[in-house]
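Okay, so chain A shows up in both of these, paired with chain B first and chain C after.
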Partner chain A sequence: MNSLIPLFVIVPLGSAFLMAILGRFIKGFGKFLTSFGLLFLTGLSLYFIFNSQGTLVYKVGGFEASAGIPVAIYMVIDGLSKLLLLIIALIGFLSAFYSISYTKQYTAERKFYILFCLMIAGMNGIVISGDIFNMYVFLEIAAIASYALVAFGVEKEQLEASFKYQVLGGVASLLILMSIGFIYWQTGTLNIADISTQLPTSGAFIKFVSILFIVGFGLKAAIFPFHSWLPDAHSSAPSPISAMLSGVLIKAIGIYVIFRLFFNMFPISYEIAMTITILGTLSMLIGVLLAIGQWDVKRLLAYHSISQMGYVILGVGIGMVVLSKGGDKTIAAFSILGGLYHLINHSAFKALLFLNAGAVEYRTGTRNLKRLGGISQKMPVTSATSFGAAMAISGIPPFNGFFSKLIIIIAAVQAKFYLLAFFAVFVSIVTLASFLKVQKYTFSGKLKPAWEKIKEVPFSMAFSMIILAGLCLVLSLLVIPGIRDIVLKPAVDVLLNTIQYTTTVLGK
Partner chain B sequence: MIDLRFLIFLPIAVGIFLYVLPESIKIVKGIIALLVSAISFFFAYKVFLLEPQIINIHCFLFEKIDKFFVFNVDNLSKVVTLFIGFFGFMFVLYSLSYITKKKKIISYYSYYLMTIGSSFGAVLTDNFITFIFFWGLLGLTLYKLIKGYDDESSSAAKKSLILIGASDSIIILGIALLWKIGGTYRMSGINTATTGALAIVAFISLVIGSLTKAGAFPVHSWIPDYVKKAPASSSAFLPASLDKLLGIYFLARICMNLFELTQWATMLLLIIGSITIIAAVMMALVQHNYKKLLGYHAVSQVGYMVIGVGLGTPLGIAGGLFHMINHALYKSGLFLTAGSVEKRTGEEDIENLGGLSKYMPLTFITALICALSISGIPPLNGFASKWMIYQGIIDFGNGSGLASRLWVVWLVLAVFGSALTLASFIKFISGIYLGRRKKEFEKVKEVSILMWLPQIIIAAVCVIFGVFAAKLIVPAFITPVSGAFKEIGMWDSQMVSFLILVSIIVGFIIYLIGNIKKLRTEDSFIGGEKIQEETNYSPLEFYKTVSKFPLLAFFYKKAEKKWFDLYDIFTKIILWFNNLFSKAHSGILSTYLIWVVAGLIILLIILI
Partner chain C sequence: MKGMTIIVKKITQIMAPIIFLFGIYIIVHGHLTPGGGFAGGVIMAGAFILLILSDGSILSSLRKEESGLEFLESAAIMGFLIIAGIGLLISGTSVFFINFLEKGTVGKLISAGVIPIENIVVGAEVCAAVSTIFIALVVFKDEVSK
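This part shows the complex of A and B:
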């Protein structure tokens, strides 16, 4: 099974090259290859989730460690990466399938799918790579593909957004590369597991590098105050790409790496844990307060991504604080569970919300809430799925967001972070208010005369939206203990047993 | 045991099934809904007959989730269950001919059935997580049962769900705190004193949740907006009956089981209760829209229940719970009649109506009985429960503490509120049903049997609950919950009812044998002038003076500007913050770069 691991990079990367060559001659090659490739990866990641246990390591080239020093490039799959791989493949598949109809409006369809596959390859690479330099390389692949995709419409505002995104992304890459350099200088190795054995347990060096990493990956994950590129970039991209950026990319290249490095590589420290938690809380609060006043629906959704990522960081951060103080491990596990669960849920409902916004824009040509109104009569599928997603993100039962928020709030109270629990509740209320605003101005109310003649979107778009709406309901089942143990618990254990990663990867 | 499973999951499952069916077979959906609600009513009755007990259900694949399916059938929850079943059945009957194509509510019956199932779940469960799950679902169905196609109704729907959803989130906080304090998420396992900061916050959070559902001041403001635009069957179903039953049920749970009330907690509830009574009834007095008028009364009456339950004495709790049931009866009756009037005339303003009693006699009788009942006229049920609450307050005055010493204040406010209620219902009855008949309503007919039958049944239940209150109804439903109590006042409802009946019969006989042939009808005499439309007597004119009193005028003006609406206040605050932060996002790249660098430097300074 270990030899299947490189497929996660090979399939999308290979498809991208095939498309570049064969796509020239075969019409519609890119569309279907992307969808099939991602469907295959979805199946593969499900196969890994249900059929493998513990940590799987693949050494590229088959080089074994010599004298205890890992020489090969390590590809590692454990509970946490399996989860991320599933999200990337599944949301990627649905976005790609949605794009089949959506991209008809663009002239360079082929390039769209090539970039799309490159982005997937980059994200998968980050998630499975076991050393930080390869992580950086894949990060750049994903990031550069996403810069191009944001600017794909080549309108004025898209180019501007892409430019801002590139500059700030460049700063992030610089900081990340710099801290990787520092770490290599100090430890002489790039393998995450190996680094964690070589790093000093405390001291100014660790803190300095940690902060560089927090800022670097915080920029990628759009944590406050490094979030400023996100609203422009996510709202200007084509909608399936917005769904990928908000639903997957900021998690895979931002949040995931932060969790991986600060739980499994750096020794857990109280200060860093508190910093991460506080930044998460601030993102959560400020993101939602910025979102509620927006009238551009995709901009509103983009600000909510900042806020919802705050929830994820809050959940996991509280777990980290509890762990760093040597507190009750069950509370830490519960809190981390809430955070990771919210991460999965967010990718489902936020992708859906962007696809809905795309569907509305596809038919009406506008994203301005003030100009829309009453179109639920004309677009019942879009309206119903959008309602489901809005309820999910606002935390109304029986949708998935309710359960993850519930877990985060209960965990915060259990860990005695009463104020943070209150903030989580407050943000949840404001989120509800802003999504009901979207519902009211887009779908209910009087049908504006301009939209008398619009129809429901084509099949491929409707299909993706319905599947995602179904996911918003089905993911609620993850809260049931039996199912939770299969899917979420391995991921929680990876973060909870911080040192185990090192020992299993190095095989000690 | 099997009954509970059917009770909760059958309506929800059928509701989901109906959601999938196409909208064109609405009649079939309605009939299925009728059958299912009848079955639910039957099961609810069977649950009512059970002995108090804890029931565990093993109904799913995983044994580990059995802890979420623990149900507590005690005296309180089974009474509420029975009435949820009753109302669910009554309103689906009414909806069959009321919800027509013109109303355009998509999947009405589907959400209706889910509402029934979730209400049962919320009332019966013993597990907090399951409770908040079902409780939250009710907010969703509430939103879906109004969502209309014009701006006002979509605003009302939005406001309702925001307030309800916010209160649900606050309940989650309360539950989390209570879990922390009590160490269990079983409701029956918790009994905390309201001392200590955590317990106080938990208490207030849960009370806010229950009061938002029931609709008490200052979190009431969704009800008047909602009922104004929602179809009457939805208004009768959720804000008028089920939300009252659930909200007050939860308040009673909080006050009786979850917390030991201290003096200040009682005081808080009494203050909320009396402000609710007076503020809402004052607003009701000046309404023109009869649905909104009923909506404000639906808020005002909650005050009595809050006072009753807040007193904490057996008599007070009994009065509060009895008033909850009575209110659900007469207020849903009133909403049904309002729906009938609207369906036949299409008018929503009292000013434009008049003289309908001849054309819609059955609706008129229902409205009259329910209006008298809500105004607290003996021997109807509204009087019976208000009487118990008054006694409860007097009895409470014997206790020690500040709240007890102020008993006169509570009593005066409660009685005064009742008088104002009567005043505004005179307007309601005379404006719609009495007065000169208008030409445009000459073709108005009585509504169909499916609509008047539920009305009449509810009116009849109002009468029965009033007449046999002390002997039959209270001992059967209420006393097991509140515990035995002694009434301090004398009131023999059956005897008085009998006397009233006798006097009516005697009067009728006198009418028959008297000089009946000499009876003549004349138009109103206005100095020999011919009656014109504009000289027509309008009951509303009379009430306009109320809003012109100096002090009251001030409050009415502020209320018009939504000073007392928490929803509006919070909206303003949040939009202010939004404005503040938005200004910072100028879109200039160099500013953003400065933030990044500043963030980096601040982190470095703090941590190293």
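This part shows the complex of A and C:
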């Protein structure tokens, strides 16, 4: 089974360049190859989740470690990576399938799918890489593809958003590269597991590098106060790309790497854990307060991404604080479980919300809430799925968002963070308010005369939206202990047993 | 884009093939001497860029060049991926990027298994990519100044 691991990079990378060669001769080659490739990856990641136990390590080029020092580039798949791989492949497939109809408005469809596949290859590479420099290389592949995709419509505001994203993304990449350089200078190795054995356990060096990493990956993950590029970039991109950026990219290249490095590479310290938790809480609060006043529907959704990512960081951060104080491990496990569960849920409902916004824009040509109204009569599928997603993000049972938020809030109370628990409840209520606003101004009310002639969206768009709406309900099942143990528990264990990663990867 | 004087043109015409050959030399000796696919590819692209700069060029022919180069670039990357992927398919080891050919004697031109082949592919890819970037900048400048 180990030999299947490189396929996560080979398949998207190969299809991207196959499209570049064959796509110009065969019409429609790109759309179908992207969808098939991602469907295959979805199957592969499900196969890994249900059929493999523990951590799988793959050495590229077959170089064995000599005298205990890892030489090859390592690819590591453990519980957390499997979860991220499934999210990337599944949301990627649904977005690609949605794009089949959506991209008809663009002239350079082939390039759209090439960039899409490159972005997937980059994200998969980050998630399976066990080597900090390769992580950086794949991060740049994903980031540069996403810069180009944000600017894909080549209109004024899209180019401006892409430029802003590139400047801040460039700063982030520079900081990340600098801290990787510092780590290499101090330890003489780039393998994450090996670094964790070489790093000093405390001191100024660790704090300095940690702060550089938090700023660098915080910029990529759009944590407050590094969030200013996200509302522009995510709202100007084509809608399937917005769904990918908000639903997957900020998790794979930002949040995942922060969790991986601060749990499995750096020694856990109370100060860093508190910093991460406080930044998460601030993003949660400020994101939602900025969101509620927006009238551009995609901009509103983009601010909510910042806020919902705050929940994820809050959940995992509380777990980290409890671990660093040597507290009760079950509380830490519960809290981390809530964070990771919310990460999965967010990718489902936020992708769906962006696809809904794209469907509305596809038919009406506007994203301004004040100009829309009453279109639920004309677009029943979009309206129904959008209602489900809005309920899921605001935490109404029986949708998935309710359970993950509940777990985070209970864990915060158990860990005696009463204020943070209160904030989590408060943000959930404000989220509900802002989504009721979206529902009211977009779908309910009287049909405006301008929208008398619109129709429901084509099949491929409707299909993706219905599947995602189904997922918003089905993912609630993850709270049931039997299912939770298969999908979520391995990921929680990776973060909980911080040293186990090093020992299994190095094979000691 | 306008060309330069006859002196520059003539000297470039003599120099460009030599620079091009030097690029090829750097690429094929990648596993023996400093340099390799990337450095050699940049030198080869340098020969093209010199010719375009000195002789001048018409926008429409540059566009044609660009699409050809794009094809070469993608084909080279595919080639690299296929060479790496063959390692995954053949023999019982199934390791990505494994060096599956005979290693040969150290210091001989034909040795080191797949590394020289990979160097050649990387050279083609870098040459195409650097030339594409140059041509894209020229096309952009011409379109803006219009």
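Following the convention adopted for this analysis, the second predicted complex is superposed on the first by the 508 of 508 C-alpha atoms of A that agree within 3 Å, B and C clash if a C-alpha of one lies under 4 Å from a C-alpha of the other, contacts with A are read in each partner's own complex, and residues count from 1 in each chain.
In this section, contacts are C-beta pairs under 8 Å (C-beta built on N, C-alpha and C of every residue); 3 or more make two chains touch, one makes a residue touch a chain.
The structure displayed is predicted, hence computed values, not measured ones.
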item	value
Partner chain in contact with A:Leu420 - chain B first, chain C second, else both or neither	neither
Touched partner set for A:Ile292, first chain B, second chain C, both or neither	first
First (chain B), second (chain C), both or neither touched by A:Phe208	first
Contacts of A:Ile132 with chain B and chain C, given as first, second, both or neither	neither
Touched partner set for A:Leu13, first chain B, second chain C, both or neither	second
Contacts of A:Ile276 with chain B and chain C, given as first, second, both or neither	neither
Partner with the higher number of touched chain A residues, chain C or chain B	B
A:Lys437 touches, of chain B and chain C: first, second, both or neither?	first
Contact footprint of chain A on chain B as seen in their complex	61-62, 64-65, 129, 132-134, 136-137, 139-140, 147-151, 154-155, 157-158, 161-162, 165-166, 168-170, 172-173, 175-177, 179-180, 198, 201, 571, 574-575, 577-579, 581-582, 585, 587, 589, 591-593, 595-596, 598-600, 603-604, 606-608
Contact set on chain A toward chain B in their complex	163-164, 167-168, 171, 175, 204, 207-208, 211-212, 214-215, 218-219, 225-226, 228-229, 231-232, 271-272, 275, 286, 289-290, 292-293, 374, 377, 391, 394-398, 402, 405-406, 409-410, 412-414, 418, 421-422, 425, 428-430, 432-433, 436-437, 439-440, 444-447, 480-483
Chain A contact footprint on chain C (complex, rising order)	70-71, 73-75, 77-78, 81, 84-85, 88, 93-99
Partner chain C, residues of chain A touching it in the complex	3, 6, 10, 13-14, 17-18, 20-21, 24, 58-62
